[in-house]
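In what follows, chain A forms one complex with chain B and a second complex with chain C.
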Partner chain A sequence: MERKHLIAWSVVAVAIAALLPLVAGPFWVALLTQMFIFGLLALSVDLLLGHAGLFSLCHAAFFSVAAYTTAILQVRYGVSTALAAPAGIVAGTLLGLVFGLSVRTRGVYFILITIALGYIVWGVAYRWSSFTGGDNGVTNVPRPTIAGFELESMTSYYYFMLAVIVLSLLAYRVLVASPFGLTLRGIKTSETRMTSVGFRPNRHLYAAFVLSAAIASFAGVLYVYYNRFVNPVSASFPISVEAVLMAIVGGSGTIVGPLLGSGIVLALRNWVSSFFELHAAVMGLVFIAVVLWAPNGLVGLLASLRANRRAAR
Partner chain B sequence: MTTPAIELVDVGKRYGGLQAVESVTLAVAPGERRVLIGPNGAGKTTLFHCVTGTVRASSGRIRLFGTDVTRLDEASRTRLGMGRTFQISNVFMDLTVVENVLLALLGKDRRKWTTYRTLRTYAQMHEQALDRLAVVGLQARANETVRLLSYGERRQLELALALATAPRVLFLDEPCAGLSPSERQLLSQLIAGLPRDITLLMIEHDMDVALALADRVTVLHRGKVILEGSPDEVQADPEVREVYFGHV
Partner chain C sequence: MTTSAILQAINGTSFAALLFLLASGFTLSFGLMRVVNMAHGAYYLLGGYVGLAIVQVTGSFSAAILAGGAAIALLGFFVDRALIRRTGENHLAQVLLTVGIAFVIGDVALWIWGGDNLKVPVPMFLRGAVELPGGIVYPAFRLMLIGLGLVVALVLWLLYHKTQIGAVVRAGVDDREMVAANGIHVDRLFIVVSALASFLAGTAGVVGGAFLTLYPGAEWEILVFALVVVIVGGLGSLEGAMIGALIVGLLDAYGRWLLPEFSYFVLFGPMAILMLFRPTGLFGKAH
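Presenting the complex of A and B:
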């Protein structure tokens, strides 16, 4: 898409999002807020999947460790938001420094190791109940106040998240077009060639993994303030899988794809579960359809439709 | 005698029970153009892999301008001045032609770690990349995706990537493999036109290309050097004729 069209569409999208709470009810405002939060998680997964070619299935770990850290510090120890929120991000990122060592493996081994690492964190959250609250998790996390603005109401949190997601996407756009971003795509395409022109691919993949963990942690902190509680579900394997599916459904390797995918997955789940108990099965069928007929996700589908229309003209 | 650009002492490579390369000793002088020939399975590509660091040699020493690089990884050897092309085209298929060269330029540049600035804003690096493409005649295709390039153009790009790392010693693994006669001529002219301060070590099956480019020729057979000499000497040697061309 041309640059000026892209800017125009982005401005329109943000304007619609900004006006939405005036016309839509609280259900929609809540759904979009979740879409932003999980869109950020999907974005962190897709930095590895869509750019570096690493299929990680442990991102719920960073997400939940950040959420738990912030919640426990704030609720149990009375630490202020200004410290508890950054502490959450730091905790998740530190875990990323450890889990990131898995980039020494590739392909199916990498996937298996990340699954195992994810289960460790879930196990701790679930079983170490004296610290994590077990099944009940940690509740009553207060909504924060940022620069004098109380984010108590759903609408105010929605606007806060809108600002966060816009800034995040702008930063992400620079990141993937930077020398570092191109390096990741080079590694995805041909590691042997990268080595022969002087790169050490594992170092770049490790850096990307830690950065990705930091973004997932950021999403985790935003989640716990939105949700006001955290329990072991947020550390569970399905969350990691869902983040990957969001990226794929929206369009892996693109900038807005993971966010759109997050919206599609959340909306679909909400809608289907309102009238059909086996909603997980329906979601499964949707994902199969995407992989078969739109492997490049919604963004890829739209791009190819555009190309076809242009060719027909 | 001056320090050789590249020196191998008793280099060997063993894969389980197979001795792919058996104790190869050779030295290439700075600026020399050396061609490595030998029948299929002679160990030419394996020897290349050992020298450039793609695989580790099982035995022997490798020196680059007198520096022992035997224990260094491939990226370090590239930084010290080794460049290579691959027998089977190894370029970044999903990226554009100019992005391919930009990556090759970034390989030895600290700016590859930059995250806060888009690559498009590095005007000077772009210009440099386009210059490198001009050398191999691909500047007009700079913004195409590599997937859309012909096989011959990919071989040209392969050479541009190796040159972008500013190598002092360049290893070319059958640069003309699989090309049509006219493409072959274009590429061998490109290679012949390289500056003389780049030392060349090249594997080539095509005797015409090999003998036209080479200052000296080394013949490898079953993992061993059986002869080294000028192109004329090698062509006239009865043993080479036997292993290379079969009985005449």
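Presenting the complex of A and C:
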């Protein structure tokens, strides 16, 4: 897409999103807020998947550690948002520094190891009940006050999230277009070639992993203030896989893809579960269908349609 | 103290036997077919439920073990042919696809059998406890499980190392194209190995269902243990799966006993350290 078209479309999309709460009911506002939060999580997964070629299945770990840290600090120790929220991001990122050592492995080993690492966090959240609250988790997290604005209502949180997501996408665009982003894609395409021209792939991948963990942690903090409680489900394996699914459904390696994917997956699940009991099975079928028929996701599908149309002309 | 330590050792070994049943199939299908099948845990759970249904109808535990294994072997065959085969050697696609399959199986099982913990009834003669030398009393069923694990391990080892099929499979693990070039029908071999792997997973479900019970979510819990076994032992290695199962089973038993809240750390901590120094596991090769 040409640059001026892209800017025009983005402005239109943001304008529609900004006007939406005036016409749509609270259900839609809540759904879109969730889409922004999980879109950010999917974006963090896609920094590794779409740009560095690493398929991580442990991002629920960073997401939930950040959420738990913020929730516990705020609820149990009465720490203010101004401290609790950054502390959550720091905690998730520190975990990323440790789990990031898994970039020493590649391919299947990386996938399997991240699954196992993700389970440690779930296990601790679930079993260390004296600290994490076990199955019930941490409840009654207050909505935050940012620079004097109370984000008490769902609509105010929605606008806050909209601003966050717009800024995040802009920053992400700068990041993936930077020399660092190029290096990552170079490693994804040919690691041996990057090594022979003097790069050290593992260092770049480690940095990408930690950065990705930081973004996932950011999403986790935003999630806990939206949801107002956190329990072991947020650390569970299905959350990690769903984040990957979102990135792929929308279009891996693109900027808006993960966000769109998050919207599609959440909307589909909400819609299916309103009339059909087996909604997890339907999600499973979506996984299968995407792998078999739309491995490049929605953005890829649209791009190939456009290419076909142009070829026909 | 020493009695409990010994009890935990037997607990760990019996869990190891169960894990071996699951991990051996996983590791062999990776070794030969380069297939990462995340639905293995769901196969386990479904096998257990099928076994439960068979026990309820026939009252026979051995029939349940065979039927659970056979049903899953059949299912595994079709899933393999119709779906997994289409992903080629793209592990990312395989993982997503098989996670999707596991979601479908898990949800349908939840719909049929409900969300309660169900226990596969153990036959009468295995219900009691056995007194071991040293005055330790231990449930007979879990001792039988250790025996079963040993027998399966022995049979697989003999099959793998002492028969012609095993030689072909080993050759296939090393270089599949070469085996095919020598006129061996590799595809037929794949069917046999994948059916065997699914059969073992189904059997494990019936046996596991008798002492760990069956419930929604069990498929992922057991899968993660099997994955750790495979990571520790090395993907594609049968010996690795044996040793890995034993390490994981024992660490888990002692972890639960000594540090119940952090038992996952006890299990995954050493795995993470091992991974740093030997990313391919104890017996694995780089793939």
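By our rule, the second predicted complex is superposed on the first by the 313 of 313 C-alpha atoms of A that agree within 3 Å, B and C clash if a C-alpha of one lies under 4 Å from a C-alpha of the other, contacts with A are read in each partner's own complex, and residues count from 1 in each chain.
The rule is short, and it goes like this: contacts are C-beta pairs under 8 Å (C-beta built on N, C-alpha and C of every residue); 3 or more make two chains touch, one makes a residue touch a chain.
Not measured: the values here are computed from a predicted model.
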| item | value |
| --- | --- |
| Partner, of chain C and chain B, that touches more residues belonging to chain A | C |
| Chain B versus chain C as contact partner of A:A213, first or second or both or neither | neither |
| Touched partner set for A:L151, first chain B, second chain C, both or neither | neither |
| Which superposed partner A:L112 touches (first chain B, second chain C, both, neither) | second |
| Partner chain(s) touched by A:T192 [first = chain B, second = chain C, both, neither] | first |
| Touching partner for A:I255 - first (chain B), second (chain C), both, neither | neither |
| Partner chain in contact with A:L285 - chain B first, chain C second, else both or neither | second |
| Touching partner for A:L245 - first (chain B), second (chain C), both, neither | second |
| Chain C to chain A touching residues, read off their complex | 30, 36, 83, 86-87, 91-93, 95-97, 99-108, 110-111, 220, 224, 227-228, 230-231, 235, 260-265, 268, 271-272, 275-276, 279-280, 287 |
| Chain B-facing residues of chain A, complex | 174-175, 177-183, 185-186, 188-190, 192-200, 204, 207, 211 |
| Residues of chain A that touch chain C when the two form their complex | 49, 55, 57, 101-102, 104-105, 107-109, 111-113, 115-117, 119-120, 123-124, 127-130, 237-238, 241, 244-245, 248, 277-281, 283-288, 290-292, 295 |
| Residues of chain B that touch chain A when the two form their complex | 52, 54, 73-75, 78-79, 83-84, 86, 90-95, 99, 102-104, 106-108, 111-120, 122, 161-162, 164-165 |
